[in-house]
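Please go over the structures that come below.
What follows is a pair of complexes built around chain A, which joins chain B in one and chain C in the other.
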Partner chain A sequence: MTLGARQFRALLLKDLRLELRTRQTAIAMILFAVVAMMAFQFGFGFRVDDTTPLAGGILWATLALTAVLGVGRSFVPEREQRVLDGLLLAPVSRSLLLAARAASVFAYMLVVEVITVPLVTVFFVQDPAATDFALIALVCVTANLGIAILGSLLAAMAVFTRARELLLPVLFLPALLPVIIASAGATHAVLGVSDDMPEYNGYILFLLVYAVIFALVAYATYDYVFDD
Partner chain B sequence: MIETGPGRSIAIWGTLTAVLSAAAILGAFLVAPEDADQGVIQRIFYFHVAIALTSMVAFAVAFVAGVLYLRNRDRRFDEVGVVSVGLGLLFSALTVLTGSIWAKASWGIWWQWSDPRLVTYAIVVLLYMAYFMLRSSVDGERQGRYSAIFAVVAFASVPLSFYAVRVAQSFIHPVVFTQSGANMPNTMLIWFVVSQVAMLSLFVTLLKLELLQRRTDRALNELKLRLESVRPL
Partner chain C sequence: MIEADGLVRRFASRPALDGLSLTLRAGDCLALIGPNGAGKTTLLRVIAGLLRPDGGAISVGGHRYPEARQAARPLIGYLGHDPLVYLDLTASQNLELYADLYGVPSGRVLAWLERVGLLARAYDPVRTFSRGMVQRLALARLLLHEPRLLLLDEPFSGLDAAGGELLEGVLRGLGGERGLVLVTHDMAIAARHATRVMGLRRGVAAFEMEGPVGHADLAARYAEVIS
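This part shows the complex of A and B:
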């Protein structure tokens, strides 16, 4: 294993180990997602007979809000316990710090999705098919890439600002709107009576392009976030 | 004499803007032919599209200034960035406003979620308002750095937003509303070009004016500090 890979592994394991010991972030994210789904149901779910066409939108609006919560939370130990000072002093490239943080956010999102996707289908979809889950899993993975990369970059900046908890959603959500549009569209395409595969494929491709573009932006700018 | 150089340059740009704007207004309202389908409301096109494109130019300027600031740490690029984003935001808000007026006149509703351009501009306004939120909650050298990074991120997400909104709509509405675009006759095109150049010239004038004001302000502060340091106790 190369030095970079070992460093990445150590950084990622640090985050995951911390989460396994405290279990703060993932559980709070899951609870938040369930409450948000219920808010959607009480907000407009009652007013339609069949909520299936709304399910994709409800799922991804919920997951985007949950992502903001999780990304913001993931930087708390860095700030409160001065972990970041140690990390920045260590001879590790900044890009690896970003990659490891994105990987841990990706993992948190995956845990949340394992719970929320079945819940959304139970709550909002009439007769879900088993194959739909595999297709939605792919949407989750591709959407998470963009969410994790962009979220890690913006949260790293927000952590040094005064109104950090308030600022992160304001910075992150408008930039996440394309992900909500595409992943809700892809989910909707497969949840209907007949799967619309060209539409689904188009959205998946878009989510990949989104992830690649922000990976490049993050790679080019991340060094400057910690350039003190 | 105070500020002869920059003052003169702004005066030239200001005069140019005034002349071009007057020409654009006269041309768009009195000279250009009336659209056969839409009638008089189509004349908003000369300003609406020119404003919209100018706002994109402003954000592109902010993006380039952001990249240059990150590379050189020259404070002037930070100033160009923040002023450009401010002006771009103003032009975007005007785009949404004029677009909404146009939508009311031609489609009968103030807001049309299926028009990708209008919806993208609404997202863009939100994105760049966040730029100022970020800027106001960081101080010192970090302020310029974070603003520059966010200007890059926001600019990257503009085409993504547009594409996502457009693709989503094309699946719901097979026909996307199209404007005359390059299909318009030359008598219309010429007044559009005049209006576009007038808007760009307005952008440059406002940019220069605001930069001059910021630099004067900074020079004044430095002067005050120097005076305070030599003042006898």
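This part shows the complex of A and C:
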């Protein structure tokens, strides 16, 4: 195993161990997502005969807000226990620190989606049995890439600011709008509403391009984020 | 080991380092003394690469900052005011993390825990440790990758008598190819370990003393600096 791979594995393992012990991020994200789903259900689920066309939008609006919560908590151990210097002192490339943090956010998002995707089909889709979960899983994976990369970058920037609780959502949510639009569109396309595979494929491609663009932005800027 | 020339670092408009220069050779132990706010911790953080100076030049182990800062990192062991360990991980998990980050054999983890007297608590979360035990773990973290340059900021703070003896032993065992910069308010410790002493005041060197330094001489010079 190369040193870079060993460092990446150690950083990711550390995040997952901390989460398993404290259960402060993934559990909070799941609870938030479920409560948000229920709020949507109570908000208009009973007033609309067929909420299937809305399901994709509801799912991804919920997941975007959940991502803000999760990303905002992702540097809490380093900030509260003042351990960030330990990571910065080590001979680890800054982009590897980002990659490991993005991987843990990606994993948390997947856990949340395993619970929320079935829930959204039960709550909002008229014929849940017709839902193609494999295609929705691909939407989740491609959307999570962009969410995790951008979120980790912004969280690293915000961790040093006093107004981080305000700054992160204000920066992150608008930047997530393309992900919400494309993910909701792709989900909508395979929920049996339109069954439009060309549209689905277009949105998946868009999500991949979005992730690649922000990966390049993060790679180019991450060194400066932690410089001082 | 360290070549620093005209270091300047400001916080807002207040200079914490104001044109400070220093040289540290392998085998040297430089004690930094001075009142609060003199710039001691700032200097240590600049040497560690945690703060970028606003002016001046610095290189560590022949690696000039900021271009070659990454290459200098494995050479440096830094013990500041925070232990830099995760309270919700166990002692061994913390050291395993740092072993992986520095690319050193994992076998050293238990060996170091034994050396600092924490082997029996290796698998307990650090949150359950006393302050002195956390400081011992921080000492193991500091030395795990066998750094050639040690930067210690009041390292005896929080250590009990046994922990203090352990650290004294580590300091006595230095020398050879290693360098040490030690920030302390304790003149006895500075006199015992330092081969050179630099007194800082308002970000500049107020005095320097070479060779084995007597406790009384040092205390007198320090009193001049803070008066």
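Definition applied: the second predicted complex is superposed on the first by the 223 of 228 C-alpha atoms of A that agree within 3 Å, B and C clash if a C-alpha of one lies under 4 Å from a C-alpha of the other, contacts with A are read in each partner's own complex, and residues count from 1 in each chain.
Convention: a contact is a pair of C-beta atoms (placed from the backbone, for glycine too) under 8 Å apart; a residue touches a chain by one contact, two chains touch by 3 or more.
In this text, all values refer to a predicted model and were calculated from it rather than measured experimentally.
Within the superposed three-chain model, A:T22 lies in touch with chain C and out of touch with chain B [touch as defined at top]. Touch counts on chain A: comparing chain C and chain B, the chain ahead is B.
When the two complexes are overlaid on their common chain A, residue A:P77 makes contact with chain C while staying clear of chain B.
When the shared chain is aligned, chain C comes close enough to touch A:K14, but chain B does not. By the touch criterion defined above, A:L59 lies against neither chain B nor chain C after alignment on the C-alpha atoms of chain A. Of the two partner chains, chain B is the only one that A:F206 touches; chain C does not reach it. In the superposition on chain A, A:I181 makes contact with chain B only, not with chain C.
In the superposed pair of complexes, A:V92 makes contact with chain C only, with no contact to chain B. Overlaid on A, the two complexes show chain B and chain C touching the same residues of chain A, namely 227-228.
Residues of chain A touching chain C in their complex: 3, 6-7, 9-11, 13-14, 17-18, 21-22, 77, 81-83, 85-93, 227-228.
Those residues of chain B that touch chain A in the complex are listed here as 70, 123, 126-127, 129-130, 133-134, 137-138, 142, 145-146, 148-150, 152-154, 156-157, 160-161, 163-165, 167-168, 171.
Taken in their complex, chain A has these residues touching chain B: 150, 153-154, 157-158, 160-164, 167, 170-171, 174-175, 177-178, 181-182, 185, 199, 202-203, 206, 209-210, 213-214, 217, 220-221, 224-225, 227-228. Residue ranges on chain C touching chain A, taken from their complex, read 48-52, 66, 70-71, 73-74, 76, 78, 80, 82, 84-89, 93, 96-98, 100-103, 125, 141.
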